[in-house]
Each structure stands twice: as C-alpha cells, then as structure tokens.
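Across the two complexes that follow, chain A remains constant while its partner is chain B and subsequently chain C.
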Partner chain A sequence: MDPMFLAYSYFRRRKYQKCDEICSQLLEKNPYDQSAWALKTRALTGQVYVDEVDVDEEGIAEMVMDDNAIATVARPGTSLRKPGTGQGLPSQGVRPVTNSGRPVSGFVRPGTQSGRPGTMEQAIRTPRTAHTARPVTSASGRFVRLGTASMLSTPDGPFINLARLNFSKYAARPNLAKALFEYIFHHENDVRNALELASLATEACQFKDWWWKVQLAKCYYRLGMFRESESQLKSAIKQQEMIDSFLYLGKVYVRLDQPLRAVDIYKQGLEKFPGETTLLTGIARIHEGLNEMDDAVKFYKDVLHFDNMHVEAIACIATHHFYTDQPEVALKFYRRLLQMGVYNTELFNNLGLCCFYAQQYDMTLTCFERALSLADDTTSGDVWFNIGHVALGIGDVNLAYQCFRMSLASNNDHAEAYNNLGVLELRRGHIEEARAFFQASFVLAPHMYEPHYNFAALADQLGDLQSSYNAAKRAVDAYEGHVDSKELIQQLKQHFTLL
Partner chain B sequence: MTSKWLDAYHDPVASLYTFTQCLTLADIQADGDWKLIIADLGTGSYDMKLKVYKNTNLMSEHAIIDLPTGVVNFYMDTLEPRTPAIAVASGPYIYIYKNLRPYFKFTLPPLSINQIEQELWEQAKHDNINVFVLRDALEGLRSDGQLLTVRSLKFLQLESTDLEAFANLHKHAPLKRQTVITCLDTLKKSLADEDAISCLVVGTENKSIYILDPEAFTVLTTVDLPSIPVFISVNGLYDVEYRLVVSCRNGCIYTLKRGSKEGSKYCIELNSQPVGMERINKTIYVGCMDETLQCYSSKGKKLWTIKLPTSITTMKTLDYSPRQLKTLLVALSNNEIHMYKDKYLVDVIKTEGVVTGLQFGRFGREDGTLVMTTRGGGLFVKILKRSAKFEEKDALAGPPISQNQKINIPKKTKLFVDQTLRERQNAVAMHRTFQRDLYLLRLNTARQYVKALDNSMNPISSDPTEPLKLSAQIQGIGPTFKLTVNLQNTSLSQPTSNLIITFNYDDKLYSFRNKFIEAPMLVPGLNYAFETFIDCLNEKGVSDNVKVYVLKSGRSVPIITGVISMPVSEAVAVA
Partner chain C sequence: MSSEIKEVLPKQGVLYQEDMPTVVLCKPKLLPLKSVTLEKMEKMQKDAQDLVKKQEMEEKTIGHSNLPSFS
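Entry: the complex of A and B
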C-alpha cells in the first residue's frame, strides 16, 4: 500500500503516533515532501489538540491582576464576578455554594470549582488537592501540561525549528501555512510566533480569509488582548458566520465580564444556526454563572431537545431538581445518565442521595456501595460524607460519626465533615473538640456559613461573646439571609448595649 | 413627599447651649410681636445669659449668675398693657423679669439645718475647734447619712491646706441650707383665659413641689414626693381643680391633685429612665432612655409603646390651635424629629444636627413656628405650612406583608406519586433490603474505620490520651512551596509533649528544607503552626502526595497522619 495513503488512513482514525512514524520515514527519504511534512505537522498537532473554544480556567495572574474589568462595582445581574440575587435560586441553606458564592454546579468543568479569590493569599493557597489548584496563568496551566507529553516523546529535538523558519515564505502558501500555524499554536504553544505567522498570512490573502482572522483572535486571546481579539472575530463573522467564531466571541465577552453581551452573541449565532447545542450550552452556563437557575435550566432543556445525550445538560438539570425538592425527578435524570453509560463514583453517589431523599430506601445503600467501590482517593471523601448524611437521616449517630471520620481520613481538608463532626461532638458534650472542629472547618472553607454559625452559637453558650459576635458576623457575610445568625447578632448587640 | 415646613431661619453657628426647658415664646412687649426667650447655659460653667430674639435678631442679653434650669413666661398682674413676666429658675432662686428688666428675685424657703452641724460651725466661728476637728466631725455626720449644707460639703472636698482659709472666709456668715430648682412650670390661678394670672409651679432637689403665688410670691402649697421631680406637666386652675403630672428621677410618674399632700397614690412605674414627658388631653407621653415612646392614660394605664430607631433627645407638644392640631414632637439623636399623632408617625423632619431644644408656638407674627436648637449650638426656625395635612396611617394594622408572599413549594410530581405507590406495595421488601444493606454497610464501615485507625490515617487522633488535630496547607506556585502544619491539642486540660513532625515524600520529586520538626509542649486549645519550605525538583509538571506524620517519641506508629496533594509546580511555564 502507498505509505502516504496509509498515513492518511491512520490520521483519520486518529492513530497519530503511527501516522507520525510513517511520515517521518517518508521525510527521511525525501525531506522536501510537502504532503508528508504537512501531514506530520497535523498528526503532531492532533496529539495535543485541545478544543480552544471550551471553557478554560482563569489563572491567578488573570484574576488578581485583571485590568480588563470595566466597572469595579457592576450592577447586579450584569457581571459574573458578583452574581446578583438570582431568581428561582434555592437559598444557600438548601444548595451549597462554592468559594465565590455561586451554587455548586451539577457538572464539573473548568471554572466551576472555585470563583475569583478575594486576595492574593487566597489565590495562592491551595487548600484542596492539586486537581483544583489554580494555574498561575491560563497561558501556562493546561496547555503546558498537555504539551509536555510531546516534548518528552521527541528527545532528539523538535520537529520544526521555529527560530529558523521564514514565516513570510510559509505565509504565502496557504496549504502549508494553516497546518504550520496549528502546529506552532497547539504543539509548540508558542503564541507569539503563531501570531506573527497568522498576521503575515492574513495579509497575504488580502484579509479575505476569515479563518486567519479567527486564528489571530485566538492568539490575541491567549496574549490577553481581548479587545483586539474581539475586533478580529467580529470581522471574521461579518465575512463568514461560523459557530466557532460565535463561541469564541462569546468567550471573549465572558472574559471581559460582559455576560449579557455574550448571551446576545450566542443568540445571534443561534439565529443562523438554530438548535446548535454548543451555543445553547454557552447561554445556559452564563445564566448559571449569574445565579439565574431558572433560565439556565430552560436552556439546558433546550439543549436536551436537540441532543438528548448531552451529559452536562442532564447533570445540571438533575442537580437543579435535586436542590429544588424534587429528588424523584433528579433520580430520573441520573438514571438516564447511567443508561447512557456513565459509570462513575459521582453518579452513583448522586443516585444514592436521590434514592434516599425520594424514599426509595431499598436502592440507596446499594448505590453508595457501588460508589465506594468505584471511588478513588479524591472522591471517596465525598462519598463517605454523603453516607454520613444518610446515617444522620436514619438517626444512627455512631455510624455517622465513623463515616465523617472516614471522610476526613481520605480527604484531610473536608470542611463539611469537620463541621458535622463538630456538631456530633457537641451533642456528646465534648465541647473542646467541637470547638476545634468548627474552627478547622471555617479555616478550611471560609465561604461556608454553617461552621461560622455553629462556632458562634457554641461560643455564645460558653460566654465568649466577643468570638461569638465575630463568628456570627462572618456567617452573615457568607450567607446574608441566614436568620439564625442575624438573630444571634441581634441578641449579642442587645447584650453588649445592656452592659 | 414635599415638606410640610418652610425654612424660616437657619443659623448653624448661633453658639447656643440650651434645652427645651430653657426656651419659651412670649409677647413680652404686648405689641403682638412674639419674642423668643432663651436661657443660654453659656459654657456650662460661666457666661450664662438670658437672650431675647426679636424675629431673628438678638434683641437683648442679660447675664444670669447660675445655670438656668427653666424659663417660663406668665402674667403676674392685671395691669394694662398686658405684658407677661419671664421667670428664670436658677439654683435656689427664681428671677422675674418684666419689660426686659430685672423685677424680683424669689428665693426658695431655706431648709432646716442639722443641729450638730450648726453647732460645729458656731464653735468654729469662735475658734473653739480647729479645722481638722471640724472636718472629722462633719465627715462623721455625712457618713451617718445626714444632709449637710453646701458649705459643709464644699469644705469636705477641700485639700487640708485650704481648709483654714475656707473656714476663715465663710465661718462668719450665717449657715443656710438651700435646695436647687429642677423644673418650673405655670398654673393658671382662677381664670382659664390666655392672659389670666398664673402661679409658678417649682420642683426642687429636696423632693418637693411648691406652688407660688404670683403677686405676693409666697408659697401657696407644698407637696412632698418620694423622689426628685424632673418634668412637670400642669393643667387645671389653682383655685378650682388642678392636676400635676410629675416624672421623677426614680423612674416613676406621680399624679397630684388639688389637696393631695403627697403623690404616691397614683404612680406609673417606668421600666427605664424618662427623658421627656408631655401630656396631650388625657394621655401622658413618656420618652424613655430605652429608645421607646410610651403612652399612658391619666389613670396610669399603659396604652401603647413604640420602639424608636434611636435614642430620644427631647420632646415637645405641638399645639396648633387654628387647625385643632395636637401632636407630639420627638427629637432623636439621628438628626430627625418625628411627629406623632396618637401612636401614628405623621411626619419626619430632618435637621442639620441633633436637636436638644424644641419649642412650638407663636413667634413674631406667625402662629405655627417651630424653634429648634441643636447640640452644635445652631438655631433653626421652621414655619408650619398652612396647607400641611397630617394624615394618620396605621402602618401596623393587618398582617405583615410577608405573610401574603407565596412560598415557592414545588408541586408533587406524578413520578413522586408513582413512587409512593411502589413504596406502599413493597413496603416490607424495601424495609428488609434496606435493613440488610444497612447492616452490611455498618460492618463495612466499622472495618474500614478500624483499618484507618490502625494505620493512624486520620488527621484527628483517636487516642484518648493524645487528643490532637492536624491540618496542613500548601501555599505557593512553585518551584518552592510553603507547607504549614497546624497542630491543635483538643483536650480540655491535658498538655501534650514530646511530639515530632516528619514527612514522607518522594525524594526524587521534592526536597524538604526542614524534614524533622520537634514540636514544643502543646497547650490545650491553642493552634500551633509549623512551617517548612519544599522545593520541587522535577520540571515536568508532575506532582505527588506528601504525608505528614506526627509521632510520639518512643512509639513507632504515628499518632496522626495528614495527606497533602501537592500542586503542580508552575516553574516550567515561567522558564
């Protein structure tokens, strides 16, 4: 068989390694074989390709040294940084929140785990494990980590020496330039050179190729020049409306913290491409980010209308139902996920919880057992925590205690488990331990109001009114609508003024 | 809402130091142009003045010797033209001014002097005893609870070097014990006319109330109270029937009628000190120190209480006869004056300072004028608009608004109904399965728990003799990280010692600058932080777990273990 044909076949079957080998052999024979060269660049790119459009995590540098924010005090509902008081949102007492005060999402994707840290100290602290640790900048983080794999696999130096490349020569040849650009951008992760090539290429085709404009925008985006990125994308869309461009433009606006504008762009895209799930998902995510759960769920449902296998949509809707007191509906959605072949700890854990709260007791514990057997180090803590909740639900305090301890054993920083252990210790009358646990809990997770309040209530009983007052104030900071904390503060204030 | 008041005068730097009791409005020249009379407390120790404002200009000033405690105007004769007199209470005296000239000084009847005290000073006068003996004797008297004269009290306050001079200066003067006026009001004598002759009603520091005859200045009636009066409200006619409502320093309000000699019969006991008392018709309004406005019937029955946003500074009745309007003005410490009609808040006036003096009445030629003085010394005059209407709206009536809000309770779905059906049909089987699973789970959990305990894989110690808690944090972005280990002794009273902290890590990946930390004795309840730096040796973006062990010397098994997932070192990106 013609080796070139075979290489193509491998490439299309995504067997990039093999494709790469054949191309290398071809290039050894004839170093000027342009087709082999182009295929090899594409194969190498394919190995490390990341969908650029998908959400990326904001790095510490972007967040702490953000100079793109337009308004420091945005009006509620217009900024992702300070989500407004959303409608249709269950209170914080029902649905737990992340660091940033946003409800926990039903689907883990970059950017959902933790919000913007308030201070540098918070930013560089990595209280949880490495898998949620924030990269310094988004330009390094994920891209470097993925890129390193190829660096290791080519010990005898890079395939293309960028420093010796004559960009203007390649820019004039569109058949090679595009492959080369992707190679530089994805494989080498050298945005500056990629930008140079792209700008030369777009000039070479008299600014008539929308593709180059999108690539320029990508480069600008990576370099943090969002306004330039925006103008390139707008001009690309004018030339040729593509889903990719709309998605990218939406992403740029999200980064510029203009969520409503991003929604507009997505909607504009939907007019051209009705039923495009990626655009619908984009809108849903923004609504979720703005704490507008009702709207988010509406769009997720639209997504399901067009693609009924969309995992993210199913998971998010299920979570919403679970936290709005309809566990039986959530159970149905999770079962759908199970039928689709998702088989992991998180799903079984959620199924178990739904079964328990929907009173389907015979399946509850089986689900948790499955979850435990599938769990690894990072997830078993949460599974134990949830089993502890079931134990509390059936009144088995001893079992609950053991479960929370197990949760802590597998995840040393499980703040919720610390809090619950504190309550259990308090009920046993071990005041000092309870105090220590509450303290540990709120140090680990200052965004949770429960440990603050529990600590305040305990300190109040012990007569340490000053600590109680401070803790209660922190609880109210974390959750403005917490009535018990407010009452405690009121009580303490009265106490202070009486003296 | 447009204001119901017109700004007539505005002087934030009038440098007045006065209170509601020391403000009055009177037509002192009988020319139909009402003047504002203010007893200014000056600096609080000297420079006290009686100031008369004609319109907004200071017309005349008279020095007052002591701090004024009350100013009233009253008609003391039937002469034409009808010019009222001004009475200024100050110390034990009442100074009467007529036509802006000092007219008469009334002194309160002196009180009886303790016999022994009298004799002591008598002896001191003849130099029979020296000053130190005098002092000791007086001191003895005072500690016996005897009421002494001002001279003796002053004498006791002095340093021993000044005693001689003081005694020599004062011993020849006759000894007098006088009281101090605390409050002052007027009571019409026999006619209810506007310009009828009035008696003065005086409350004093020796718990008495005197009613004085305006022509002869003799005490007509004396009433003794259980406590010192601070506010008096008077109505009725002396010769017919009158009623005095007196609020006292012991937090009680007494009602006195004509003929009653002591006022403890009708008594309202307040739960806080009164800061103002007014009476409108048959109800008594009391502002208290606990930020409440309370209302009582004249029989002493509590009608209602309103909680105010802040503390009350002063109160005054607004009696606007052209409109038959009788409301209560309550000045608050948040720069507002609230106007209450019954228990309804009908208006709020914002002011530029905390109002301490309020007076409403005729000023100049205008009937409805509100005069305010502020704590900062300002003088403000507002005129009530003739078009102003005060509607009483009961904000409290009916159920609270939140009661009508619908709570968003999701409807029970059909799915739920189906599931409950299943539950009902298979209740026994479900229960059995659950119980079996539960036993299995308990067993499983107990096993894992024991395993974890055996390995000491817990960040909390399970050993009752060494109750410890560990938490560890990693800070930094690499290649150097800072590891902070927090240890806390969670026992109540038992300190822990001989602890060692060490680490388990891949030495190809990480290098610890401090691999071995000796912990000091841990005092219960305190948090101890131990820090070490970690260098990441690998540049390939690989990370690993690091274990922290807390060991007790002499034991091979760690007491507690913490597992830390190290973040990826970002050095690669920077390089």
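Entry: the complex of A and C
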C-alpha cells in the first residue's frame, strides 16, 4: 500500500503515533515532501490538541493583579467576583461551598476547579493544600507543561526549528500556514511565534480570512491582551458568523468580568444558530457563576431539550436537585448518566449518596464499593467521607469514625473529615481532641463555617470567651446567614458588657 | 360510649421550648464530574510525567552500568 495513503488513513482514525512514524520515514527519504510534512504537523498537533474554548487556566498573578475588570466595585449581580444574593439557591448550611464562596458545582472544567479567590491572602493560601496547587501565572501553568510534554516524545530535538523558520514564506501559503500555526500554538505552545505567523498570514490574505482573525484573537487572549482579542473577534464575526467566534468572544468578556455582556453575545449567537448547545451551556455557566441557580437550571434544561446526552447539563441539574431536597430526582439524572456509559468514581459516589438519601438502601453500599474500587488518590478521600455520612445516618458511630479516619489516610488535607471527627470526639467526651480537630479543619479550609462555629461553641463552653468570640466572627464571615453563630456572638457581647 | 378519641391539650402551665445549639457536621459532598477536556489534559500530563520518570530511571540504570567497577 502507498505509505502516504496509509498515513492519511491512520490520521483519520486518530492513530496519530503511527501516522507520525510513517510520515517521518517518508521525510527521511525525501525531506522536501510537503504533503508528508503537513500531515506530520497535523498528527503531532492532534496528539496534544485540546479544545481551546474549554481551556482556561488562571494563575495567581492573573487573578490578583488583574487590572482588566472595568468596575472595581461592581453592583451585585453584574460581576463574577461579587455574585448576587442568589435566588433559588440553597443556603450554605445545605450545599457546601468552594473556597471562593460559591456553591459546589456538578461539573468541573479546566479553570473552574477552585474559583476566584477574593484576596491575595486567600490566593496564596489555596495552593498550600496539595490537591489544589495553582500555578503562579498561567505562563507557568498547565500550558507549558503540556508543551514540554510534547518535546519529550522526540528525543532527537523538535520536529520544526521555529527559530530558523521564515514565517513570511509560509504565511503566503495558506495550505501550509494553517497546519503550521496550529502546530506552533498547540504543540510547541509558543504563543509569540504563533502570533507573528498569524499576523503575517492575515496580511497576506488582505484581512479577508476570518479564520486567521480568530487565531489572532486566541493568541491575544493567551497573552492577556483582551481588548485586542475582542476587536479581532468582532471583525471575524462581521465577516463570517461562526459558533466558535461567539464562544471565544463570550470567554473574553468573562475574563473582563462582564458576565452580562457575555450573555448578550451568546444570545446573539443563538439568534444565528438556534438551539446550539455550547452557546446555551455558556449562558447557564454564567448564571451559575452569578449564583442564579434557577436561571442556570432553566438553561441547562434547554440544553437537554436539544441534546439529551449532555453530561454537564445532566450533572448540574442533578446536583441542584440533590441539594434542594429532591435526592430521588437527582438519582434519576445520575442513573441516566450511568446508562449513557459514564463510569467513574465520581458518578458512583453520587449515585450512592442519592440512593441513601432517597431511601434505596439496597443499592447504597454497592455503589460506594464500586466507587472505592474505581477511586484514585485524589477522590478516595471524598468517597470515604461520604461513606462516613451513610454510617452516621444508620447510627453506626464507630464505622463513621473509621470512615473519616480512612478519609484522612488517603487525603491528609480533608478539612471536612477533620471537622466531623471533631464532632464525633466531642460526643465521646474527648474535649481536647475535638478542639484540635476543629482547629485543624478551619486552618485548612477557612471558607467553611462549620469548624469555626464548632470551635466557637466548644470554646464558649470551656469558658474561653475571647477565642469563642473570634471564631464565631469568622463563622459569620464565612456564612452571613448562620443564626446560631449570630446568637452566640450576641450572648458573648452581653457577657463582655457585663464584665 | 363514643368511638372518637379526643386529643388532650394542656390548658394550664407554661410551654417550654428550648433551642439547644449543637455542633454541626459538614454536609455530604457530591463530587463534580470531570469534563472531557479536563480528563484529556490530566491524562496527557500523567503520561508526560510517567515518561519523564521512565527516562530518568533509564538514565540512572545506564549510568550505573557505565560506572567502572572496582573489585
């Protein structure tokens, strides 16, 4: 068989490694074989390609020293940093929050794992726990690691030596330039050179190709030049309306902290492409980010209307139902995911919890067993933590104690498990241990109100009023609506005035 | 004798209702599912790390075998 044909066949079947090998052999025979060169470029890109719309890694520097946001003191409901009061949202007493003070989501994407911290202090503190390490800037983050990863697989140096490439020569040849650009952008991860090539190429085609404008915008976005990115995207949309362009533009506005503008852009896109699920999901995500859960669920349901296999929509709706006291509805959604072939720890853990709270006890432990057998180091702590809750639910305190211990054994930074262990120790009458557990818990996770409040209540009983007052204050900071903490503060204030 | 059973309501005395504040447990945590992109990125990262480890191991073993043996 003709090796070129075989290589193309491998490429189409996404067997990039094999395609790459054949192309290398062809290029050894004839170094000027353009088709083999272009195919190899595309194969190498395909190996490390991730959807750029979905990728968004923010480092500490971008987050804290961000001067792109327009309003420093935004009105509530117009900024992603100060989300609104949240209608239709279960209180923090029911639905746990992430360290940015936002309710936990049903779905994680790159960049949404830990949310935006409010202050520098918080941002620096976050990476202390081993599982949420955040890069200092996005230039030192996952992008670079992926770039270097691609270098490793070629021990005899990079395939294309960018420093010796004559960009203007390639820019004038659209068939090669596009493959070369994607190679530089995704595989080499060299945004500056990619930008140079893209700007030469867009000139070479007299600014008539929307594709190059979108690529320019991607480069500007990576470099943090959001206004330039915006203008390129707008011009691209004027030329040719594409879903991708709308998505990128929405992303730019989210980064500029203008969520409502982003929603507008998505809606414009929806007028042109009615029922496009990616655009609908974009709107739903923004509503979720603004703590407008009712609206978010509405849009996720719209998504399911057009694509009933959409994992993100199903997972988010299920989480919403679970935390609004409808575990049996959540169970239906998660079961749907299982039927669709999602098979991982997270899903089985959620199924187990839903089964337990929907009183389907026969399935609960089986689900958790399955979850544990699939779990890796990062998730097994959470699974054991949830099994501990099941144990508490059936009144088996000893089992619960052991479960929380197991949770700590697999993840030593599990703040929730520390807190619950503290509660159990307190029930046994071990006051000193309980105190130590609460303290460990709130040092690890200052965004949770539970350990603060527990510590305050315990210190109050022990007569250590000053630390009780301080802890209660921190509890109210973490969760404004917590009645018990407020009452405790009231009592303590009375005490202090009597003194 | 009527078959109806009448409820008993205390007409006098004070009704006490005391709210006992107790310590709170952290709530059960649903785990978020991972998007395809995230899974792919994590897989690529893990593969790369494994590769680095493998290469380092190989270098070590080669380095050891090249050491002159003083016997």
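As a convention for this text, the second predicted complex is superposed on the first by the 483 of 499 C-alpha atoms of A that agree within 3 Å, B and C clash if a C-alpha of one lies under 4 Å from a C-alpha of the other, contacts with A are read in each partner's own complex, and residues count from 1 in each chain.
Please note the rule applied: contacts are C-beta pairs under 8 Å (C-beta built on N, C-alpha and C of every residue); 3 or more make two chains touch, one makes a residue touch a chain.
Since we're looking at a predicted model, the values are computed, not measured.
**Student:** Answer with first, second, both or neither: which of chain B and chain C does A:E241 touch in the superposed model?
**Tutor:** neither
**Student:** Touching A:N454, do we find chain B (first), chain C (second), both, or neither?
**Tutor:** After superposition on chain A, A:N454 lies in contact with chain C alone.
**Student:** Does chain B (first) or chain C (second) touch A:F107, or do both, or does neither?
**Tutor:** So A:F107 only meets chain C here.
**Student:** Of the two partner chains, chain B (first) and chain C (second), which one does A:D464 touch, if any: first, second, both, or neither?
**Tutor:** neither
**Student:** Who does A:D264 touch here: chain B (first), chain C (second), both, or neither?
**Tutor:** Once the two structures are laid over each other on A, A:D264 reaches no partner at all.
**Student:** Which partner does A:D190 contact after superposing on A: first (chain B), second (chain C), both, neither?
**Tutor:** neither
**Student:** If we overlay the two complexes on their shared chain A, which of chain B and chain C does A:D325 touch? Say first, second, both or neither.
**Tutor:** In the superposition, A:D325 touches chain B alone.
**Student:** Could you give the residue numbers on chain A that contact chain B in one complex and chain C in the other?
**Tutor:** 145, 148, 152
**Student:** If we count contacts the way the header does, which residues on chain C are in touch with chain A in the complex?
**Tutor:** Of all residues in chain C, those touching chain A are 21-35, 37-38, 40-41, 44-45, 47-48, 51-52, 55.
**Student:** Would you tell me which residues of chain A are touching chain C in their complex?
**Tutor:** 48, 50-51, 54-55, 93-96, 104-110, 142, 145-146, 148-149, 152-153, 311-312, 315, 318-319, 322-323, 337, 342, 344-347, 349-350, 353, 357, 379, 382-383, 385-386, 389, 392, 415-416, 419-420, 422-423, 426, 448, 450, 453-454, 457-458, 484, 487-488
**Student:** If you look only at chain A, which of its residues touch chain B in the complex?
**Tutor:** The contact residues of chain A facing chain B are 60, 121, 124-131, 133, 135-137, 139-141, 144-145, 148, 152, 324-326, 328-329, 332, 358-362, 364-366, 368-369, 372, 377-378, 387, 394, 396, 399, 402-403, 405-406, 408-409, 412-413, 421, 431-433, 435-437, 439-440, 443-444.
**Student:** State the interface residues of chain B toward chain A in the complex, per the touch definition above.
**Tutor:** Touching chain A from chain B are residues 409-410, 413, 415-416, 419-420, 422-423, 426, 429-431, 433-434, 437-438, 440-442, 444-446, 448-449, 452, 457-460, 462, 467, 469-477, 486, 488, 490-492, 524-525, 527, 540-541, 543, 562-568, 570, 572-574.
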